[in-house]
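For reference, the structure discussed in these notes is given below.
Per-chain numbering from 1; labels A, B, C and D assigned in written order.
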Amino acid sequence: MTVVGIWIAAFLTLAIFSFLYKDNPVYKFAEHLYVGVSAGYYVIYVWSTDIRPLLFNPFVQTHAQTGSWGASLSQNAALFIPAVLGVVMLLRAFPKIAWVSRWPISFMVGIGAGLAITADVQGYLFPQVQATLVPLWVRGSLFTTFNNVLLFVGVVGSVGYFYFSREHKGFLGGLSKIGILFIMVAFGASFGYTVMARISLLIGRIHFLFADWLHLIR
Amino acid sequence: MNWLAKLEKIDRRWIFLGVALVVAAPLLLGLKTSVDITPPVKNTYEAIDRLPPGSVVMVSIDYDASTMPENQPMLLAVLRHAFQKNLKIILMGHWPLGLPVGTLGLDQVAREMHKTYGVDYVNLGFRPGTAAVMVNLGTEIRNVFPSDYKGVPLDSLEMVKNVHNYNDIRLLVGIEAGDTYEFWIIYVQARFGLKMAMGTTAVMAPTAYKYLQSGQLVGLIGGLKGAAEYESLIAHPGIGLAGMPAQSAGHLLIILFIILGNIGYFLSRRKKA
Amino acid sequence: MQNYSRLRSGFRKAQQLALNNHHFKNQGLRALLLFAWLALLASTSSAALAPPEDIKAFDTPNDAGGSNTITWKASPDDSLLLGYSVKRNAKPEGPFEEAGVVLKGQEEFQDAGLTDGQKYYYRVDARVLGDSASSAVAGPAVPSAQWFNLGRVNILAFIMLFAGVVLWYIARAKKGAKLFIRRIAGLDAVEEAVGRSTEMGRPLMFIPGLLSIDDVTTLAALTILGRVARKAAEYDTPVLVPCTDPLVMTTAQEIVKQSYSEAGRPDAYREGNISYLTYDQFGYAAGCDGMMLREKPGAVFLQGYFYAESLILAETGHSIGAIQIAGTTAVDQLPFFVTACDYTLIGEEMYAASSYLTREPIMLGTLKGEDLIKLLIVLALTVGVVLETFGKHWIQALFQ
Amino acid sequence: MMKREIPLLITFLTGLLMVVQFFVPHRPIGQIGTGVLSWYTIIAGFTLLLGIDSLVGMHLKKLQRKQSGWGYSIMLILGLLLALGLGIFSEIKYGSALAFGSPFMYLYTYMMVPLQATMFSLLAFFIASAAYRAFRARTLEASLLLVAAMIVMLGRVPLGAAIWGKFPILAEWIMTVPNAAATRGILIGVALGGLAMSLRILLGIERTYLS
């Protein structure tokens, strides 16, 4: 079984790589298989890790503890809300009553937007502002002083770049220009920083082909 | 000069071919490089090396296939070292899809080093609940894992007959791709004082470093480079060490292409002017 | 890490929430045990150990109840200790049982899992191996739940300020005040991209990212989709929208349909053009790539929240010669869009897009409000760094 | 009313509740967040069926019309059925599809894993072609992008340190000072933009999702 599996895996690996040369029937085959298998895979995965433990197991567990389905249903009554909303969501597939599905959609959008309000302030805004509040003069260390000043200028500049309601001319123009320069350095740096991890991935794949499949290397 | 100007528009498939070659060739040729051993990896090595034979080491598989290229070499190197020192291994994991990859590595190394299941190593498997699992293992492993991953009762396995909780385990090695390792530190290192070392992806390593400084971790293996260092310490080159020349060559090739592109660009611009 | 599994996002959110709960954070991180001091400890066992001093026990503020906080001043022998053991009992005379253990150097512990309204007394022991020194008893402390988290007053104040400013500008805009908005290059290119696709007789492709409709970035992307679809309907060019999230798919169908009827072409709308591929990150990328190669869109819009697949999509889009307009708030992926695409909406520009494209006064009003807050933040930063330079942390404290 | 006002009201109320629970630790409000999140996960789970409906519908149509590439549509549907079939079989036989050694996990190990990993590893090629094409010293901005990328690339591998010992230090400095500054600026903008967007959604100003 393992040998068959490795041959399947090796074939699929090469099929995906063939895409780098050009689109071809082998890639098309692998691509369609991938989309189909993974679409099915996630239905089972979500059942097994979300729906069963979150929606069904509570009923089963209460029943096991109390020995009565009535108690189980009443104790977990709150779970009927997401269950009903989930079913309502599926009505989307029937055009005439599709509009009902707006209710659960609104519920989900509301959760997302509500959480984002506090999370944006607590998780992003405040920590970023706080981390920028550094002393501009550090006694005894010219280098730290320099870094701190640069940090401050960079932050203010790049915030300036995102100022929308005024033409970027004069002082604001200069500021946003500084901002965009910092942003470019940052993009270049994170690009360069990622190269290593990406090459590691390829090493992993090539090693699989040479070692596990062809046994060319140990 | 015309061919030089063509450098500005190389068909990207030549670039793809170049990348494939420089990464594949060093692997195939088994090129050897030496890596500098950094203290966090050295400390992990020593934590295992100093354990008396027969000590139980727990290995936690907290990653899955997506970070296998980085995490798997660490697992293999640590397992090889532990088996070489005749330590006993208990494998378990907190990621639902981590068990297949962890088992793959464990079985491979065990076969290689002629170790016997149930005597030298045991595979507990996966149970959902991360923090709850961790805390419960502190009282009795059997509360969480009454049997191993194949359903064999723990009491029928020679090696774990007398292993009940963290008191019977000398070291935890977590192979990590997410924030599960912080749970290990918070719920187990802090509460039960279990000694632990972590192998993390390269991206996570800088964050994990602070736990090393605070003494909550005895060692840290970061990314493929860390795995390479470990392989070099146990003198058993694997994918980590083999990958280092490929890494350097890959970086060099990309830089070379950037330079070529710029030469082409400047030449064609001069021509126009 | 780069390959972020979205199925875990629920878990992450839950964690975020848990971390919001005060006691969770401190108790865990601080309750630490040390091991490696055996040698040191042996040498100190002869001398009498000094206990920690100044023990205080009180109800943990800003929590849901069931927790007390205990603080103390470290023992003079702190450096020699294994750690501190916090002990608790309902009566001051004992017997005390261990509530938790913390590392040396720590001076605080949160005792959770208690009963609200009940009295608890505490003692803190300095511990070495085989010996300990007990402090005086503190208490009683009575745990209770609070109705408002005072530690978050500043966050509430900021949100109120922000909402106030934005609402004020909206009201002004409604009254007809003229509001300016700077040029955003990526958005000006939308028309060009749609026009060029039409000339070449090719469809448009819109990829709305990996997240679902609970993500605000995705909602911003869908607003942009609405405008793109409107233009496309006018030019009679099909819009292909492959989705990885079923909810985004159904929402996108509604939006595009609406845009077609607004353009007076409801008959030209094809629901099949907006389709679901798979929930799998790279399966989705493989499917989108295949679609690009076979349908040869003249323009590709990559708008939404992306992970590692960003560059796979953008490079394939470039290889088929499409004009590419990207936009995301995922800072990690911005470098790849900037290098591989013709235009990129960077971070906040994407949110501004809906205001920019609609030019509705209400939308512009919120943008103006955001800018005023930005100005205030820059002001706070400037004053803050000056104060920091002189060792004053007043502004720092505001953002705690 | 049922189609527009009620949905807007639901958004407003759930959103407001999520904000309130952040500030009120007292039971039961402070505990709402966690409960609602698990509801959310359940509802989201149901929606996958909508996706399957769309995917299968589209490819069945292709088959019926014998559109070009209909053979691949058969593969796709077979793949879907294979995964569902093995999943259901494993659920029944092993108690969980994710149980070790189940046929479903075989499918995961030898099909999903290589496919995911190989698609992911394409990035090694694309990062090279994107770098070659985009890193041209055309303008000051582009040159900065280029130089920063080259330095950090060299700073990350042993080879870079061999060329010039200071590369790793310089790369580290770029990451921690200029990079951090710009990232911070972008994040402040993103936070404010997200805040405004969320506010517009709660207040019903931004309602494209209800088209």
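Things to note:
Everything that follows uses one rule, which is that a contact is a pair of C-beta atoms (placed from the backbone, for glycine too) under 8 Å apart; a residue touches a chain by one contact, two chains touch by 3 or more.
Predicted model only: the values in this text are computed from it and were never measured.
Chain nearest the geometric middle of the protein is A, using mean C-alpha positions. Comparing chain pairs A-C and B-D, the larger number of C-beta contacts belongs to A-C. Centroids built from CA atoms put chain C at 28 Å from chain B. In whole angstrom, the spacing between the mean C-alpha positions of chain A and chain C is 12.
For this pair, chain B with chain D, the centres built from the Cα atoms lie 24 Å apart. The distance from the centre of chain C to the centre of chain D, each centre being the mean of the chain's C-alpha atoms, comes to 14 Å.
Those residues of chain A in touch with two or more other chains are numbered 16, 19-20, 28, 30-32, 34-39, 41-42, 45-46, 49-50, 89, 92, 105, 108-109, 111-113, 115-118, 121-122, 125, 129, 132, 152, 155-156, 159, 162, 183, 186-188, 190-191, 194-197, 199, 201-202, 204-205. Contacts with at least two other chains are made by residues 19, 22, 33, 37-38, 40-41, 44, 47-52, 55, 69, 98, 108-109, 112-113, 115-117, 119-125, 127, 129, 131, 133, 135, 145-146, 149-150, 153, 156-157, 183, 186-190, 192-195, 197-199, 201, 209-210 of chain D. In chain B, the positions touching at least two other chains are 12, 16, 19-20, 23, 66, 68-69, 96, 201, 203, 247, 250-251, 254. The part of chain C that touches chain A in the complex is made up of residues 2, 7, 10, 13, 16, 20, 152, 154-155, 158-159, 179-182, 184, 212-216, 219, 247, 250-251, 276-280, 282-283, 286-287, 289-290, 293-294, 332, 334-336, 338-339, 346-349, 352, 364, 367-368, 370-371, 374-375, 377-378, 380-382, 384-386, 388-389, 391, 393, 395-396, 399-400.
Of all the residues in chain B, the ones that touch chain A in their complex are 13, 16, 19-20, 23-24, 27-28, 30, 68-70, 72, 96, 128, 201-203, 223-224, 239, 242-243, 246-247, 250-251, 254. Residues of chain A touching chain C in their complex: 16, 19, 23, 27-28, 30-32, 34-39, 41-42, 45-46, 49-50, 89, 92, 101, 105, 108-109, 111-113, 115-119, 121-123, 125-127, 129-130, 132-137, 148, 152, 155-156, 159-160, 162-168, 183, 186-188, 190-191, 194, 197.
Chain D meets chain B in the complex at residues 98, 100-101, 105, 108-109, 112-113, 116-117, 120-121, 124-125, 127-129, 131-133, 135-138, 146, 149-150, 153-154, 156-160.
Touching chain B in their complex are the following residues of chain A: 20-21, 49, 53, 195-197, 199-207, 210-211, 216-217.
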